[in-house]
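Look at the two complexes coming up: chain A is in both, with chain B in one and chain C in the other.
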Partner chain A sequence: MVAIALEHGGRAAAVPFVATAGATFPTVVDEHGVTSAHLGFKAVPNGVLVDEGGVIQWSKYGGFSIENPEDVAVVERFLAGEDPGLSPDATPPYQLGPTERELVATKLQLGQASAQRGRREEAIAAWRDALRLDPENLTIRKQIWAVEHPEKFHPTIDWEWQRAQFTAEREQEIAAGICGPDGCPIPPASRDGERATAS
Partner chain B sequence: MRGTRPEGETVTRFETTANVGATVPDIVLPRFEGGELRFVELRGKRLLLFFWGSW
Partner chain C sequence: MRECTLTDQDGQTWQLADALTAGAVVLVFYRGDW
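Our next item is the complex of A and B:
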């Protein structure tokens, strides 16, 4: 196993977790979202099973847990040389093109550099720029929340707040035309409106 | 930016559900304990990649 920590604020945030886990496997830190950009995932935790040739054989994006017996069973089966079975149906919604990917990485790098110098507002501005390019990227969004609303993360993570905040922010962004590479979803209300006009 | 793109990449989106069949690119990332990890060096054995965040 290799653990990859997505920490756009720098590796320091993950240190206590690595120490607590007493990691006996390689742990690396991805500060600039390289892995999420390549694999097209927008949130963590994720489990990806890779064969001897480096080919992905199974993946679970979102909700993967090494404490979930079902997930553990799949991993054990695969490591024993067996077929891991079908992946949960979780197609990443989109993947950025190379130029957007580079831009997002640059903005994340800027944000991290600012955060490490204690320039909170500049860091948030850079992360917001990255999020505008990749609005469904939850790792970037949560990084911003963790700085803007630390009380929602410590001592416990307020999942209810996250869900409500995500919905509210996405609604505002879509209304402002920030939709990601696949464009904006058509809101049901406007389809009803068209039908009403046509009839 | 660390990491390289998959060889001959022209497609900007994985078409396969959950990326099954895609090859993990040769990403290079810093290890917590120091040094680097090249993903290609992991080839030759079956592996779980676990992506997580502290928040």
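Our next item is the complex of A and C:
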């Protein structure tokens, strides 16, 4: 079992939570979004089961939890050498092309480097660039929120504020043509020079 | 799954390939303080 912390603020931001959680398995920090870019997911929590040959045998994107008996049963079957079963259908609304993926990863790295140097506004600007390319990516969006509005995450998480903030930002993205009224199905590549019709 | 190299909570390098030498791996993705 390996926990992967999608923490664009780096290891320093992830370590306190790891200590509090008291996990007995390793936690690694993906501060540049490498794994999310490769696997194409845009939110957490997720579970991915990888066999000894490095092949993904089962995955659940969104809602994966050790408090969910069904998820635990899948993991136990898998670790016992049994067939984990079919993966839940959780297709992302769109997939970035390789160029967009690299650009998003680069922007995330730039933001993280700026944050480490105390350049808060530069970090936020880089992460916003990444979010414009990948507007359904909640890990990037919440990273920006955590830096701009830390009081909404500590000492308790203000979920109502997150919902309201997401609604407000989505309205802005629709007005700007980044997203359609039903979400963000407009492929990034088709935004340049023309407006694609949201499906 | 593509090989990836990350850093664990103690600052040590972690590679998926190394973890797989001990058997299958369960990856759980999260963000601590949503």
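Please note the rule applied: the second predicted complex is superposed on the first by the 175 of 199 C-alpha atoms of A that agree within 3 Å, B and C clash if a C-alpha of one lies under 4 Å from a C-alpha of the other, contacts with A are read in each partner's own complex, and residues count from 1 in each chain.
Here, a residue touches a chain if its C-beta (ideal position, glycine included) is under 8 Å from a C-beta of that chain, and two chains touch if they have at least 3 such contacts.
It should be emphasised that the depicted structure is a prediction, and the values quoted were computed from it without experimental measurement.
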Partner chain(s) touched by A:Ala14 [first = chain B, second = chain C, both, neither]: both
Touching partner for A:Gly63 - first (chain B), second (chain C), both, neither: neither
More chain A residues in contact - chain B or chain C: B
First (chain B), second (chain C), both or neither touched by A:Thr35: both
Touching partner for A:Ala105 - first (chain B), second (chain C), both, neither: first
On chain A, the residue positions that both chain B and chain C contact, one per complex: 1-7, 11, 14-18, 26-30, 34-36, 38-39, 41, 44-57, 64, 66, 75, 78-79, 139, 142, 146, 153, 157
Chain A-facing residues of chain C, complex: 1-4, 6-9, 11, 14, 16-17, 19-20, 23-34
Touching residues on chain A, where the partner in the complex is chain C: 1-7, 11, 14-18, 21, 26-30, 34-36, 38-39, 41, 44-57, 64, 66, 75, 78-79, 139, 142, 146, 153-154, 157, 162
Complex contacts: residues of chain A adjacent to chain B: 1-7, 11, 13-18, 23, 26-30, 32, 34-36, 38-41, 44-61, 64, 66, 75, 78-79, 81, 87-92, 94-98, 102, 105-106, 109, 139, 142-143, 145-146, 153, 157
Residues of chain B defined as touching chain A within the complex: 1-3, 5-6, 9, 12-14, 17-25, 27, 29-33, 37, 39-40, 42-55
